[in-house]
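Shared between the two complexes below is chain A, which pairs with chain B and chain C, respectively.
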Partner chain A sequence: MILSRMTSPVRRRLFWLVAGNATLLVVIFACLLPGDTFAGAVSRLGTVLVDTPRNMAPEMLAAIGLTAIIWTGAIDLSIGSVVAVGGAVFAMGYSHEISPVMCFAGCLLAAGGLVASNGLLVRWLKIPALIITLAGLAAYRGVALVLVNLGVPGFDGNLTVPEEIYRVPGRDWAGWILVAAVGTAVVSELFFRTPRLWLAHGSSSSACRLHGLDLSRLSVTAFLFGGLYVGLGAMLYVSNQQTIDPARMALGFELSVIAAVVLGGTNIFGGEGSFLGTVLGVLFLYLARQTLVYALDDVHARQAFEGALILGVIGFDCVLHRVEHRMEELK
Partner chain B sequence: MQPTTLSVVPGEVLGLVGENGAGKSTLIRLISGVLRPDAGELRWRGNRVVLDTPRRAIDLGIATIHQELEYCGHLSVAENMMLGETWPTGWGRWIDWPALKEEARSRLERAGCDVAVDMEFSRLTAVEKQLVAIATSLARDARLLILDEPTASLAAPDARRLIEHLKTIRDSGVAIIYVSHRLDEVLELSTRVAVLRDGEMVHLADSGELDGPGLVREMIGRSLQHVFPRTRSREDDEQAGVLLRVEGLAREGLFTDVSLEVRAGEVVGLAGLVGAGRSELARAIYGLYRADSGTMELLDRPWSPRSPWEALQAGLVYLPEERKRHGLVADHAVAPTLAIGIRDRLTRWGLIGRAQERARVAGMISDYDIRCSGPDQIVGTLSGGNQQKALLARWLERDPKVLLLDEPTRGVDVGAKAEIHSMIDRLAAAGHGVLLISSDLPEVVGMSDRVLVMSRGTLVADLSGELQTEREVLQAAAGLVSGITGDFP
Partner chain C sequence: MRAVVLLLLLVLELAVFASVSGADVSTVSGIVGYLELKFLDLIPGLAPVLVLSVGMTLVLVTAGIDLSVGSMLALVAAVMSCCEGGTSFWFTAVPLGLLVGVGLGMFNGALVSRLDIPPIVATLGTMIFYRGLCQVVMRDAERAPFFDVPGYEWLGGFSGSLILLGLVAGAGGWFWSRSRWRRELLLVGGNRVAARYAGVPVDRRLVETYAVMGGLAWLAAVCFTARNGAVNASTATGLELKVIVAVVLGGTRVEGGRGSLLGSVLGAFLVAVLDDGLREAKGWSDEHLPFEVSHLRYLLLGLLLVSGVWLNTRVGRRDAD
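And now, the complex of A and B:
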């Protein structure tokens, strides 16, 4: 049923990603085999798999949130800085000895609220989301630094959080939160009207307008949904860190998330995609990074390979898509 | 729009005609709630109404199907049909997909339309999209259906199917406002016809009182003497040399074993149904993709283009079928739209001289009578006829030897159509060779020296002389006859 809701390019991308993820697992296993017994390698692979949900949860949640926003034809480039603001609020709460639950809630609400407020700004100011969130990318990072400087007594660039209780969501609950959030997203895509209308908005805003749909309201609901998921992702990201450094926290996070979303088959201009594709896209990037950790020692070479891999997968799929589109057009 | 008073009653088809820019689209937008009038009032079933949004018009029962159909291509037919409505839900407000599809299916059935509701909307054919749009409107209890150029992109049989469908709708008591440049359709379908000119309604009469030439006169304010002008003689064509020769050209799935010749000073018509392979053949000749087999000669030299650029350099140009999608960058100004066709000739040392470009563009605007406010006007805001003239000017300025014109008058008004016909005739008279692809039967028969007919990817007839009639072309295109080659003077 889930496949019948998708367009053929998205279905094809899912196929590639499933095959790609399976291949990457085999490659990781092959990298683990030298210098270890077969059973030892299996055990180490198991450890990698067990750690996977926790490690990729922040990125996956943010990617699902961003997918909803991109479906409408908008984008949010500020999510890395938004996570930093979440971290700053968390640090302020911790330094004032506020209960861990309140710190988590503050982080979630601050990050989620900023993404949602981006949607409201887009609606009120009628300025493209790209512009508003590009400004937010710099502005929110500044806000995060101002907050920690004013709100954390004696702040000297970073704040260490040694108590384990402050890391419960990021370490112990991440997997469960991820499963619940992904399940909710996929079910909402399948059975609720609003996600279909986000896709409709991105596919043809003029068609939606002529059918009497309120487009700005639709955009705001997408940003609200995105805010909830980015907020959850920020909470897991921040609570998985021992040291909070808002100046460097989640730098480049938005690029990695956008790459995963596009890799998952979501059209960057809106109107096409699936949450399941995004989930597989994030998983692919995560496994690719793990593979490169085992295969290459040089960190810079790993980054170059990661970029090349993304380009290769999307490029190959684009060529297939173009050929298919051309043949359709000619027929 | 000038102050206009117009009424339409249930079960009536009001034809709305006028040149491009006459105000038809503006009037439609006012009635459908897209635009708000500065003055005047709109009465619906006797009550004054204010249509401030399209939604308000839809709720009242006024449905508009625009020329450029607006739809969400990535969603299914069922989703598109139910876009602005409440979707059937089950437990927990979850979408009841089977009920949604069933509702869409029954709406299509009621409208006599057979389309799979699961299919991605973008995969439907042009006529299916139109039929789905009409079914969607009728299902919303539309009492007034406004159709803007519904047959502009349809081949003759599909257009006929749509017209018959509209007659059934009319007979069920729905009022229809029908906008079209195809005057025969307007006269056949309409009860009354309103003519707009320069934003003003200049004529309103029962369709029985009107005929084609009279309607044209009202539309453009003068009579058109030469719909299909001819300033050259056939004897000249037969003595002229062959400019383009195609022998046994084939590409799998698109066309097979096509052989044809285009001589200097000759207009060769290429007719056929949509999907017959006409445009694909032209694109292969132009170098947009390679043929699998066969040979071509251009100006007595072997011709095997690897790119359109090579074709342009060799003196072969192609005017695409869909001007907005493949011909124009709608956001660009007139100047770059025209200059892009001759940029290699404007360039010196890799730089384009601005003054030289503007002077050349000004000359082209004047020579080809492109009606615009100036070279800086956005080309997408020009009327369809002037956009087409701009595209033609872009290529004609290169002084090509052979022109492949794919539906050159589609969606343009009668005045612009006559100018384009005249332009084609002048080109042929000056020794150019023209391959004219057209779904407009009177045009392809009237303008061409001979008509080649394609059906299912192959050439099935070469008609000239007394055999060059609409009836013969239609029969050959429909696959009823084949292998006709003849000229019975």
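And now, the complex of A and C:
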């Protein structure tokens, strides 16, 4: 049912990603095997898999939120800085001895609210989302730094949170929150109208306008949905850290999230993609990083390999897309 | 009109930061002295951003974007730092750097034009990739062979930077105002299908544009290393945002089809004065503000970007009407 609603490039991408993820698991297992027994390697692979949901939950939740935004033809480049603002609000709450629940809620609301406000700014100012959120990338980092300066007494660059209670969502509940959030997203894609309208908006704005749809309102709903997921992701990210450092927190987070969304088959210009593809895209990037950890002793080469991998996968898909397009023209 | 507005903004920025930094600007000689000191310090620091802004203007005009400029600069500088200092540096590292810069730019151009990867995705990928390569080259080290090269440090001083900037802005401006290439780039950015029908070799022009961007990244790397004398794996991180802000403030449309080199140059000055002014205002902020004034840099950069694009959009709509 899910597959029947997807375009052929997205279906093809899902196939590649499933195959890619399976291959990466085999490669990780092969890397674990030397110097260990078969049972020992299986056990270590199991440990890697058990830790997977917790480690990739923030990125996956943010990626699902960003997918909805990209479907409408918009983008949000500011999510890394938004996470930093969430962290700053959390730090303020913690330093004033506010209860953990309120700290988590503040973090979620601050991060989610900023993403939603990006949507409103796009609507009001009629400026491309790329620009609004590129500005947000810088501005929100500044906001986070100003907030901790103002709201955390004696702040000296970072804040350590030793109490375990403040890390429960990011460590103990991350897997369950992830399952619930992914399930909700996939179900909404299958059975609700709004996600399909986001896709329609990204696919042809003029057709949607002729159909009588309020496009700017539709965009705002996508940013609201995105805000909810990015907010959840920020909460898990922050509560998984022992130290909160708004200057360096989640730096480059947006890049890996966008890379995962594009890897998952979502067209960066909107109108095409699936939440399932995004989930597999995030998993692929995570497993690729794990593979590099086990396969490459050289820490410095890992980022280069990661970049090459992203470019390779996207480039390969674009070549296939181009060939397919030309064949259709010939027909 | 936009140039006048940008100049007024520049004067306003200078006035605000002069009063905040406590400089004596009550007399004409005081103002002249302040400006002299300011520009002596500002020009060498501004050079990389300004050089990259010229290239970014070309890229944005074609409806593209290059997020990898900071990584390109760092990688070129890293490769150059692998060569030995001394006179031979001029014949080995400098041409090698140019080759690497143009090669990286052409790779970006090939991804965008030949593989049809959207520019933002392609250059996002190369931004990570080039930074990774930079880490492979540099490891955790910081290399500083540049000040051992005879005459190299002069390029990072006031007069050297000024001459380089004058050459880039002057040659670029002359070429921009007279060449057919510029018209073709505008057409590619304005309407790619129409450009193909008009016989413009779109793919080749795109590769050329990104190659020029790569070449300018090399020049920016020369300016940067001549001033700072050292390079490491995190050099020029976040530089792309400053460059994009400068170009957009200068009146270049992010959707392509319109751009101004003069505007970009003024935009780069605005960004540099802001950066420098906030650094100078630290003493004042420690007394008057409950937070560090340098944090405002990010906020103001964001606000400048949004207001620049908003202004461009309004001008575009007025022109269309």
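The rule we apply is simple: the second predicted complex is superposed on the first by the 331 of 331 C-alpha atoms of A that agree within 3 Å, B and C clash if a C-alpha of one lies under 4 Å from a C-alpha of the other, contacts with A are read in each partner's own complex, and residues count from 1 in each chain.
As a working rule, contacts are C-beta pairs under 8 Å (C-beta built on N, C-alpha and C of every residue); 3 or more make two chains touch, one makes a residue touch a chain.
Nothing here was measured: the structure is a model prediction, and the numbers come from that model.
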item: Touched partner set for A:Val319, first chain B, second chain C, both or neither; value: second
item: First, second, both or neither for A:Gly271, with chain B first and chain C second; value: first
item: Partner chain(s) touched by A:Leu130 [first = chain B, second = chain C, both, neither]; value: second
item: Which of chain B and chain C A:Leu3 touches, first, second, both or neither; value: neither
item: Partner chain in contact with A:Phe192 - chain B first, chain C second, else both or neither; value: first
item: First (chain B), second (chain C), both or neither touched by A:Asn149; value: second
item: First (chain B), second (chain C), both or neither touched by A:Met102; value: neither
item: Dominant contact partner of chain A by residue count, chain C or chain B; value: C
item: Chain A residues touching chain B - in the complex, by the definition given at the top; value: 1, 4, 7-8, 191-193, 196-197, 199-200, 203-204, 206-213, 271-272, 327-328, 330-331
item: Chain B residues within the chain A interface of the complex; value: 34, 53-55, 58-59, 64, 66, 70-75, 79-80, 83-84, 87, 89, 93-95, 97, 118, 120, 123, 253-254, 275, 280
item: Of chain C, residues touching chain A in the complex; value: 111, 115-118, 120-122, 124-133, 135-136, 138-140, 233, 241, 244, 248, 254-255, 290-292, 295-303, 305-306, 309-310, 313
item: Complex interface listing, chain A residues touching chain C; value: 75, 121, 125-128, 130-132, 134-143, 145-146, 149-150, 255, 258-259, 262, 268-269, 298, 300-308, 310-311, 314-315, 318-319, 321-322
